[in-house]
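After this come two complexes, each holding chain A, first together with chain B and then together with chain C.
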Partner chain A sequence: MGDFRAGERVRVRAGDPAGHTRVPRYVRGQVGRIVESQGRWALADEVAAGVAEPRVEAVYTVAFAARDLWGEGDHEVTVDLWESYIERARRAEA
Partner chain B sequence: MSRVNDVGGQTGFGALRIEADEPPFHADWEARVFALNSVLVRNGVYRLDEFRDAVERMDPRQYLATSYYERWLIAIETLLAERKVLADG
Partner chain C sequence: MSEGHPSTPVAARVRRLEERLIEARVVEETQLDAALAAMLQGASPLNGARIVARAWADEDFRRRLLADANAVLPEIGLSMAGGIQEQRLKVVENTEAAHNVIVCTLCSCYPIGLLGPSPSWYKSEAYRARVVREPRAVLAEFGLELPEDTAITVWDSSAESRYLVLPRRPEGTGEMSEPELAALVTREGLIGTAAV
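Right after this comes the complex of A and B.
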């Protein structure tokens, strides 16, 4: 996982964590496109849970087609997502 | 499970009210709550993501019945009580 490049297709993990997360429900399980890296940041889920030394991971801006999320709309929706929220999309999904 | 704050894409909350020339704060107490939170985060009493978590941990009925900065104040009180900075009650 990780080291994604602009243009790569990724799927957002579908899990629904018990605590704080920065994954909006509407992108879970969805396939999007890496736009750019935003550098490395402490994983918000672990910071929120009080972990003393939270994981530091790459954060990516990921673009989704509004139509994929809501069935309508011709625009894109971009969400900044930590590396552990996403995985490389399978070839058939890309 | 998904919390009450995660309403993106949901309907039923009415239209967004967009104010022309909206001020940063609608009342002085809101500015004080904003400043208080900044001071507490900068002094390491809690971290910003812990604050966001505290907002999301609110009772959903209370969350939906309160304004933006009322939620901030409730979350600040929750965290200060949990860290024994404030006495219970």
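Right after this comes the complex of A and C.
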């Protein structure tokens, strides 16, 4: 189902792709917590670009603390992210 | 088609997009009409309300619904397979300590089959931008004042998943039948901007 497990800390890759992506700007570069895997789906960026056989990847629900995103707030925001959008957070970030 | 959309500029943009797709021979007008009719057939918040009422009345159904909603919807004659591919449904449960609210910040992802066409405010840039940042204030503007110690989770549905909130069962409803319970549930309750 993919490499990440519930509770693991991941960082969202900070790139700014030219075409369609499903990485909202407000989580780019941010560290969050894996909530669960949603199963595997075709990578939206490649589907939108018309790639004949788009990569199929694990999609994860990732929770972010509002304070990390906005500098304030005590709620959490979850975002659905494909595996190639995220990487394991370094120990110091977790 | 897009007549009757509450936002005239959005309706005009949708129509222009439809015309370009038709000009490019990606789709024919009749196919578009058929696809929209199929998607909207039976699409109603009554479906979501039935899911909630069954979950309130049947503890085993509730537990399995929260674990894998797609697997249990057929038990009450519903499914998430109405579109091009089956979408995943994730049901998130409100409790005394925790409240959930749904948004799609990138576009307007929403379980149309279970909730009917989405309200215009759900698609508005103001709701999408603000609810992730200050949900407590936005919910208060909807008339939902949550206690300070209620933990809020905002679910940004930006993949092939759709989300549905399972509201808390109101007090004093112990004797109600499932249809009576379903009648208590609102579309806003299923999005998380109302309590029920």
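Of note:
What we mean here is this: the second predicted complex is superposed on the first by the 92 of 94 C-alpha atoms of A that agree within 3 Å, B and C clash if a C-alpha of one lies under 4 Å from a C-alpha of the other, contacts with A are read in each partner's own complex, and residues count from 1 in each chain.
As a working rule, a contact is a pair of C-beta atoms (placed from the backbone, for glycine too) under 8 Å apart; a residue touches a chain by one contact, two chains touch by 3 or more.
Because the structure is predicted, anything quoted here is derived from the model rather than measured.
Of the two partner chains, chain C is the only one touched by A:78; chain B is not.
Once chain A of one complex is fitted onto chain A of the other, the partner contacts of A:63 are limited to chain C, with no touch recorded for chain B. In the superposition on chain A, A:44 contacts both chain B and chain C. Contact comparison for chain A: of chain B and chain C, C touches the greater number of residues. By the touch criterion defined above, A:24 reaches both chain B and chain C.
Shared contact residues of chain A with chain B and chain C: 24, 26, 44, 69-70. Those residues of chain C whose C-beta lies close enough to touch chain A in the complex are 88, 90, 105-106, 132-136, 151-161. Note for the complex: chain A touches chain C at residues 22, 24, 26, 38-39, 41, 44, 59, 61, 63, 66, 69-70, 73-82. Note for the complex: chain B touches chain A at residues 1-2, 6, 8-9, 47-50, 52-53, 56. Here chain A touches chain B in the complex through residues 16, 18-20, 24-26, 44-45, 47-50, 69-70, going by the rule given at the top.
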